[in-house]
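Got a structure for you, written out below as structure tokens; questions coming shortly.
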Amino acid sequence: MSTATLVTGVIGADIHNIGLRILETALEDAGFKVVSLGILATPDEFVRAAVEVSADAILVSSLNGHGELECPGLRGKCQEGGLEGIILYVGGNLVVGKQPWEDVQGRFLAMGYDRVYPAGTTPRQVILDLTNDLAARKGTTP
Amino acid sequence: MARWDEDRFLRVRREVLSQWPSGARVDLNESAAYHRAMPEARRVPWKLAWAQEHGQTLVQPRAGVAGLEQHIALLRILEQAGADFLPTTVDSYTRERRYADAQRGLEQSLVERRSLLNGFPAVNHGVDGCRRVVESVNMPLFVRTAAPDCRLTHEVAVAGGFTACTAGPIVFSLGYAKDYPVQNAIEAWQYTYRMVGWYAERGVDLNVEHYLAISTMVPHAIALACAILDSLIAAAQGVRDITVGFGQQCHLAQDAAALRVCARLCRRYLDAAGLSGVRLSTLMTQWMGGFPPDEGQAFAVICLGAVAAYLGGATDMVTKSAQEAAGIPTPEANAAGVSASKMVLRMLADQKLAPIPEIAREEAILEAEVTAIVDRALELGDGDATLAAVRGIEAGIIDVPFSPHRANANKALPARDWRGAVRLLRPGQVPIPKEIQEYHQAELARRLEHSPSRLPWELLLEDVNAISRGMLLERSG
Amino acid sequence: MARWDEDRFLRVRREVLSQWPSGARVDLNESAAYHRAMPEARRVPWKLAWAQEHGQTLVQPRAGVAGLEQHIALLRILEQAGADFLPTTVDSYTRERRYADAQRGLEQSLVERRSLLNGFPAVNHGVDGCRRVVESVNMPLFVRTAAPDCRLTHEVAVAGGFTACTAGPIVFSLGYAKDYPVQNAIEAWQYTYRMVGWYAERGVDLNVEHYLAISTMVPHAIALACAILDSLIAAAQGVRDITVGFGQQCHLAQDAAALRVCARLCRRYLDAAGLSGVRLSTLMTQWMGGFPPDEGQAFAVICLGAVAAYLGGATDMVTKSAQEAAGIPTPEANAAGVSASKMVLRMLADQKLAPIPEIAREEAILEAEVTAIVDRALELGDGDATLAAVRGIEAGIIDVPFSPHRANANKALPARDWRGAVRLLRPGQVPIPKEIQEYHQAELARRLEHSPSRLPWELLLEDVNAISRGMLLERSG
Amino acid sequence: MSTATLVTGVIGADIHNIGLRILETALEDAGFKVVSLGILATPDEFVRAAVEVSADAILVSSLNGHGELECPGLRGKCQEGGLEGIILYVGGNLVVGKQPWEDVQGRFLAMGYDRVYPAGTTPRQVILDLTNDLAARKGTTP
């Protein structure tokens, strides 16, 4: 059971909230404190909320294909906002169309995300990764 | 919900057109003349009427890319595959009125020679761009957008020769917005409807399509109640050609039943409101929830959608592709979704498998549910559909599972029963008649028998994921 | 049609096994022991019984390539896609007992690293090759061959661990031969059946599948009459597990009806002949006529096949692929046909759409027709199924449209009616009851109304080509 | 209306007769005299029949994929049998699987067939080609 605080949201002009809702339900079930911005969340809103609640991680969902247009710059904004080293995940149908996953992942890692997830990722996987990454930050084992 | 007088419409219009430079090009009279010069067969309302007369189900895919030439090439492939209507799905920036971002996305797309936008930025391409599209193909076109405020997009697209648009303040508030007040969305849509009415007065018929796109586990009764109220609001502003529909839930009897009742019920409420002279047609979009990544399985969902459309006698069906789960499909994959769907419809067209008692049973249930919801909402709204919408949502009478909108109650909890039919496990404030709610419970109990320990939301998660995992009901073991 | 005594079987057997060197390796007792050591779940008869008990429809594709390793790799992909049974389709040389040519094709295939044979040369791979196949996968296997004489193939394949085979002197004479006398085919099949009976006596159940594969425009009544007579011949030699079926005709009510009546009718004739203790199951193979080259359209045919199998409650369904028109499919395309079919079946499994009055109506018609044909044939054969077959074909009582066999009368002329149902335009000598033939005529007349000048054979050509051209009925205009 | 004589058949261990039957019906309708060998016809049977009826052309159907194994050598046998220059057509699903048509066609042209047809060929096309080719042999225009 984790006690970390997470900020979640669907970025940009994107209204796909079903996947994120399901993920949030599972994260809460696993003990995380989840602060959800819902759909149509701007990068600034993510940063503001994360600062406000001293979040341990930000989970960005993007399904509508505009990930390449909306997701760059969030890492920079986090740093400007004083969220040095905060865990940043992004997941969903990140680009337009069916593209090789390695390419897509590479593009988003280069934007500064710690982990990049394709659509269809199970909550179980996310909880596992988060638990590991949070422990690693604290220098403990999960 | 009185009809806007022309002054009000024209006053608001100035502001709408000023949102982006291409607005200046829209000239209502010139557009009406352009429409009147079009051959009837290339107009959506004409073709819908033709299909109803001939007992045909028409088919249209969704599609849109950033570049004008690329978009035209895409539509030609779909036309080739047999699409009866052609779509122009508008990108998300345009939906959110972020035209500058759409412009940036369009330019970057042209540079990178691939679409970075998830649709066609109709406002940026302007009236002449839209006319290029319309004149490059032979089939009637829909502009497919969805947001609480689509006024400029519709001004431009209709002036550009499109003869139908997706619409609805309720369906688009609950489906595509977070905190845009429903009341404001209604006003924005009254504008669009009034514009459609303006054209209608000048002999130019345009079709308006109402369905709740967010339909993962949304009971048909709730979706149809929304579409009917939207239709009342539309007709009040002079819209004369309306399509009502919903998204496939993959239970054949329920889907067919919904198609069979939806226009009849809508007509009943239009009549009661004294709104006559509206042509109604029906629509089902293929499964709007998560698709299976396996392409064979995806074709199964697509073909079962076509079977349901046949059984229900849909006028129009919106198709999906086997690449749905992966992302915007290639033109070829999109075309294969069209050709599979058309083939099922052509093969079944004459078979006359009806009557099927099970469908009649679901019809009766659905009719009672929809009537209860709409009646109660209208009661709250003192007979005015706009107030009925606002107050109905507030009161949770209209409650859409998974809606991202803050005004939505989120108390209604659906689940599939032992036969895969979508029922309400907890109705919340949705006024389902007592005997019917008892029936839902009994049917659900038969499912829960096999998984007695499960919590309602666990059940819901299971149901949300089932189809994308290759089944309708998750099996224990 | 008395049961062969063991001596006769063993005498003929020596000659059969000498047809190719691999025959020498077949040892009946050793094989029976091998079978008895297999887990039940990997045996076709067990799984068919399981499916019937659980109301499931199982699915198997067709597949076979020349090389052993390639064949195993192919089957593993199909297993992965969800096939419940795995096939081993045997190449045409093996079917025609041209084992030397099969050997040449096999060797050339290995050199060129692509299959030049259209199937798996089971005899050339021998008992041990077959066992390698059987032991490399988890699902029960069918050996799928078809010819008037398949004795050596079945000796080898059954010894190799296969637990089911396609079969039938009548269906395979009329479907796969030109001048091989029906009487001789019956003898060759009595041998195979006697072999299956030999195993059964030793506690080893093997399934035998009867259906008329040539089914382009063959009315279900004719196909079922053949399958029933073959079943009588089989059971008389001791076969205890029989599947009866037919090919999808793409008319949902007729296909579902045929599935619903076939086992019942077969049981009635087995009982009348005093042949008890036979387990019966049902099969429908997806459309066996020309497929549409368009892959989307092909998926539509495949998925409608699965809908019919669901409506009729088939025990087993043989699937096609979207590449059917082009040639032997890639393993992936074949797998997609399986996964689409399974998905339809899984999604419909619990929906309980029945009863459908239209299906019941076609059931009644079909039952009367099949009964009339089989009764008349048995009458001609003095109650003996083997004589009934020979004389029935001679007299044109059994008359299969398009059969390549010289003994076939070719007088029966089928056509689709206005709803796409296959009817007899001219029955020839097929003894269709009078009222039913009148019904056929009336339904056909409604189709002909729209094309009054057409000759019967023009209509037939139109119907033969329609599905591959993307429709069930050709439309004028 | 042609009066030429044709020998038709399905070659080798192949039993697919529906396509050929339809083609034969259409050819007869167009006035050709058709001598059909039906299914399972050997190369020798084709040659023997063509000699016997003094055929103008031989039409070979092959659907089961064994065309590459069965069809080579027929031209040679024709020459041996004295059918110098007889028109030879072949058509159907000539090879195993979906292969580029140009390759397939090339292989069968190299075997000595005058024309090679894919599955799905319409009778109309065949009648047209035959009429032209027969006229060309006679030095007339069709």
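We call the chains A, B, C and D, going by the order they appear; numbering starts again at 1 in every chain.
By our rule, contacts are C-beta pairs under 8 Å (C-beta built on N, C-alpha and C of every residue); 3 or more make two chains touch, one makes a residue touch a chain.
The model shown is predicted, which means the values in this text are computed figures rather than measured ones.
Steps from subunit A to subunit D, taking the shortest chain of touch contacts, total 3. The minimum number of touch steps separating subunit B from subunit D is 2.
Computed from the mean C-alpha positions, the centre of subunit A lies at a distance of 30 Å from the centre of subunit B.
Taking the mean of the C-alpha atoms as each chain's centre, subunit B and subunit C sit 45 Å apart. Taking each chain's centre as the mean of its C-alpha atoms, subunit A lies 55 Å from subunit C. In subunit A, no residue reaches two or more other chains under the touch definition. Shown here, the protein chains touch in a chain-like sequence that does not close on itself.
Chain pairs that touch one another, listed by label: A-B, B-C, C-D. Listing the residues of subunit C that touch subunit B in their complex gives 81, 250-253, 292, 294-297, 299-304, 306-307, 335-344, 346-358, 418-421, 467, 470-473.
Across the complex, subunit B is touched by residues 10, 12-15, 17-19, 21-22, 25-26, 38-40, 64-66, 68-69, 93, 95-99, 119-120 of subunit A.
Taken in their complex, subunit B has these residues touching subunit A: 91-93, 95-96, 98, 101, 104-105, 108, 114-118, 175-178, 214, 216, 289-290, 293, 323, 325-330, 402, 404, 406, 457, 461, 464-465, 468.
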